[in-house]
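There are two complexes below, and they share chain A, which is joined by chain B in the first and by chain C in the second.
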Partner chain A sequence: MAIIFGEGNLLGMATALELKALVKQFPTARVVDGISLNIPKGCFYSLLGPSGCGKTTIFRMIAGFSEPDEGEIILNGRRLNGLRPYERPVTTVFQSYALFPHLTAYENVAFGLRRRGETNFDKKVRDSLAMVGLAEKAERFPANLSGGEKQRTALARALVLEPELLLLDEPLSALDPALRKRVRLELKQIQQRIGITFVFITHDQEEALSLSDRIAVMNKGKIEQIGTPREIYLQPATRFVAGFLGAVNWIGPVGVRPEWTRIGRTAPGDVESVAATVETAVFLGDSVHVHAKTADGAVITAQVHDSAVDYENGEQVRLWWDKSDELRVSQ
Partner chain B sequence: MRPLTWFAVGIYAFLHVPLLILCAFSFNSSRFTIWEGFSLEWYRQMFTDAQLGEAARNSLLIAAASTVLATVIGTLCSYGLWKKQAKWLSGSLYLSLVTPEIISGISLLAFFQWAFRHWQFQLGMHTVILAHVAFSISYVVLVVMARLRTAEPALEEAALDLGANEWQAFWLVTLPMLRPGIMAAALLAFTVSFDDYVITSLVAGVDSETLPMVLYAMARRGANPVVSAISALIFVGFGALILISERLQKT
Partner chain C sequence: MKHLRAMFLAPSVFFTVVLFLIPLTIIVSYSLRTRGVYGGVVDPWTIENYARLFDPLYGMIMVRSVLMSLAATALCLLAGFPTALFIVRNEKHKSLLLNLIMLPFWTSFLVRTYAWMFLLRDTGLINSALMAMGIIKEPLPLLYNETAVIVGLVYGYLPFAVLPIFSNLERLDKALLEAAADLGAKPWEAMFHVVLPLCAPGLRAAGVLVFIPCLGAYLTPDLLGGGKSIMIGNLIQNQFTTARDWPFGSAISLALMAGVMALLIVLIRRDGEEAL
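The block that comes next holds the complex of A and B.
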């Protein structure tokens, strides 16, 4: 399990995976443009970014489905470049799960052990299925498993090989929202228990924030920022990171998140505030989002946590925030 | 009954009544199309006719051999086309499905005659088999491709990821996954081969008369209850094959 000291320092952790100046050129674009990063052992590491940012290409290069044009991939001191996928101590949970439809859950999990020539694998397979709570469903075919069960079978199938690194390619995106939250929690608990390095590929900032020890935020083939979930949310390095991780009100070069933006009919006497006109107030149950337009045309959103609060459209309000909550980013 | 129901009944009657009449008259004791009483005479004659027996043996042999060859080649073809996402090449394979049979037959005959100038062989069973393989491949590709299109592309990658090499991934994952499609394709290849008259009659030799060729010759000499008996038997046999194929496609 990763032990985190202070803000973003994983001290004393050896590096598991090292990417050195990785480049992948596609006919129309440089999809991976000089990516370097160090992933500590036992870490839950997320590659977060919008579709087309290059995260999937990086995953494919680590797994061995694609070769980088430049750069090196080093796992626990061993160079992976040029090795076939079956020669790499890396396994994958695919977005679509990619369970073999003609094999039972048990045989899906046993597949990799059989390829290794193991014969006494029954206990390993049963333990692995039990770990993901599927001991009872070992004899079922994938067609007779629910979405969540398929996902867990895929996880058991990848983990039973005790890989040095587990790649997860958007593994939760095919699940419905309620199930996604539960599976997310289970995923984190399993990773903490077994201590294998997880590299999680996702475009969902909430998933990345809630699961990761470290996040690398990517955009257009480059890394925008690497840090702990708190660091990248509270101290985003760039405007892109600030905006991708959550909503931001931009007042010139200064950003303020809606949950830190205060709103009232009058401001407390001693703070600097901005005058605005309410455009809409959206009731969300646990909070109210008030969108208000300032004199210079900027629309600022304030998230009010008191659900009883309500504003009329066109009402004059004041907006203010703590200076310490301002996001200071480079472009 | 509502008008649409009547319409449906009419269509089904139009489709099936001729076959039912054929089956009924195969049990008629008269040679002519007047019902005189139940008889198995024509079936007895059918089973004792030496020419029919040989033609049936030829047809089954040709269908079996061309099915095996066309299924293997066609399956590998569709796998390659799917892997390489080769749209133009897939399209050109389907071309042979829409080429009129008489054209395919003449072109194959021309090809064989050209080949005879270089190698010493003649029209016969082997040329029929080759011709049947040629036109069955596109049927096999059509059916297997349909199965591959619904397959998950990540399956082979998952197999590689779990330690299988490329050959094992194909043999242990892709092929078993395709099995229902391959079986259905083989059944289709078998029926189109068994059924073919036009191409077969052009490329057959003296030793390779098939059942459709003999039936055609007999039917041209006038209504013959033995022809009805064979037709009824083939109809029932292939009906059963199609039912099996439907079952396989579903799994």
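The block that comes next holds the complex of A and C.
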């Protein structure tokens, strides 16, 4: 049984999506191995894990592209199992955006409304494009849109249908890093404004931490931990979670993140410290990462926020940290 | 470097000149001469042969050829699209199925056309089966008419329709179908609004690949049409054989070629070179 922190409803809100003991067996592996989740209404919920952890399979089962071997998918009280993708009140922003290349941005957004038989959709389409800042580019074809514009068109196309749940499958991974940060902020603002439940599939811990109300960290088809970004970063339940969300120095069973590891030529008199020899000091602009080797061979990284500080290779240093900053994990 | 380039270009230049430009020049010169009594061409030079193209008798044959080719092309696309779709979706046996599509090319087209005659004639398989079952009393007139020719053309050129549509469908991003379903499109709606429009270049290429050889076909109308519903190809053949009118035969050939080239230019302007 996975260790679960903060289970239950966020802010006392009702559950939107409930996954009950989902199992998906592939010929070589059990890619989803008994996943149970409660996703509160209006929540920005991330499924975070490395590739192959089962998060994409879960996304495909929620969207209806794949059926679970066992377990149930319940959205706002309605069982989705067995419903075709076009029967589910769920829409998706695909990793590749999957915009229809023969249709303009406008027609891409109108696609779902037309399938519903709506005829008076012009205002909805225009509003939706305006929401993502593409009002001026409605008549452009996807080939004439930038990566960020395509991504926003895909978002408008999915949101215009007012789904009960929006799935986002690594939607930022095809963008360049600078754009990714900007789009990330926009995504969060849009979600907060419209209040639709977002389920965000990602392998990027920074994205998950910065966007989510709640994160489920997955590994090998199972959930390692569920919690708020702070909970899973500050109180990781397992060694895997601690390591996946950020760098950790492991000193025996105790983990300390580099940013909480202090370094000095001498330690303050009253604290317990470890002797180490500097191996390399990497200058990163806003900080310096000093890698130092202890007597028993462990390499510990200390992040020094004063960029002016410099250490010579081979220099003898002391490392120490607050007991309260230690990560206490189960495995 | 320059010598090397010339060396590599030489074979293709040689073949283009010997196999294409020289024969073409001969045909052009024939089309502008006068017919000899026993075939061949004699002086004087004339444009009379081209003027005869506008004779309603020949015009009718040309119109009929175009209409029959269009019908055969439409049927090839109608049958080719679902066939190609079936093959693309059949991940396991894809290459087997593609090879089956090519299989007819392993035997002579002539033999295969004769096989159709054995199927369609009054005492053929279809008529004798229907009569044996008591469904009909008199044999149906299946052979030696325009329908038989169109059936033969569709049979002969269907693989040329399947292959370009197949390669178009194969390149289609499967995520687009998932996106369509995700946005509420039922499978037939996704087919109609996403797959078909995106498959238009493949369908156009298939149409050209079927229409052009249909237009020039002469074996199929000769054998299955029984000489009654002749097409341009038969007309040209007749000029070089029984009619002994080589200059007129050459003029028809060149007119056909010009028509096909005009069609190709229109399509290339539309889809670019890769359309073909």
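To be clear about the criterion, the second predicted complex is superposed on the first by the 322 of 331 C-alpha atoms of A that agree within 3 Å, B and C clash if a C-alpha of one lies under 4 Å from a C-alpha of the other, contacts with A are read in each partner's own complex, and residues count from 1 in each chain.
One rule holds in what follows: a contact is a pair of C-beta atoms (placed from the backbone, for glycine too) under 8 Å apart; a residue touches a chain by one contact, two chains touch by 3 or more.
This is a predicted model, so every value here is computed, not measured.
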{"item": "Fit or clash - chain C, chain B, common chain A", "value": "clash"}
{"item": "Chain B versus chain C as contact partner of A:Thr261, first or second or both or neither", "value": "neither"}
{"item": "Which superposed partner A:Arg116 touches (first chain B, second chain C, both, neither)", "value": "both"}
{"item": "Which superposed partner A:Thr57 touches (first chain B, second chain C, both, neither)", "value": "neither"}
{"item": "Which superposed partner A:Pro85 touches (first chain B, second chain C, both, neither)", "value": "both"}
{"item": "Partner chain(s) touched by A:Asn249 [first = chain B, second = chain C, both, neither]", "value": "neither"}
{"item": "First, second, both or neither for A:Thr197, with chain B first and chain C second", "value": "neither"}
{"item": "Overlap of chain C and chain B interfaces on chain A (superposed complexes)", "value": "63-65, 84-86, 90-92, 94, 96, 98-102, 111-112, 115-116, 157-158, 161"}
{"item": "Chain A - residues contacting chain B, complex", "value": "63-65, 84-86, 90-92, 94-96, 98-102, 111-112, 115-116, 157-158, 161"}
{"item": "Contacting residues of chain A [partner chain C, same complex]", "value": "63-65, 84-86, 90-92, 94, 96, 98-102, 111-112, 115-116, 157-158, 161"}
{"item": "Chain B residues within the chain A interface of the complex", "value": "152, 154-155, 157-165, 168, 172-173, 176-177, 179"}
{"item": "Chain A partner contacts - residues on chain C that touch it in the complex", "value": "173, 175-176, 178-186, 189, 193-194, 197-198"}
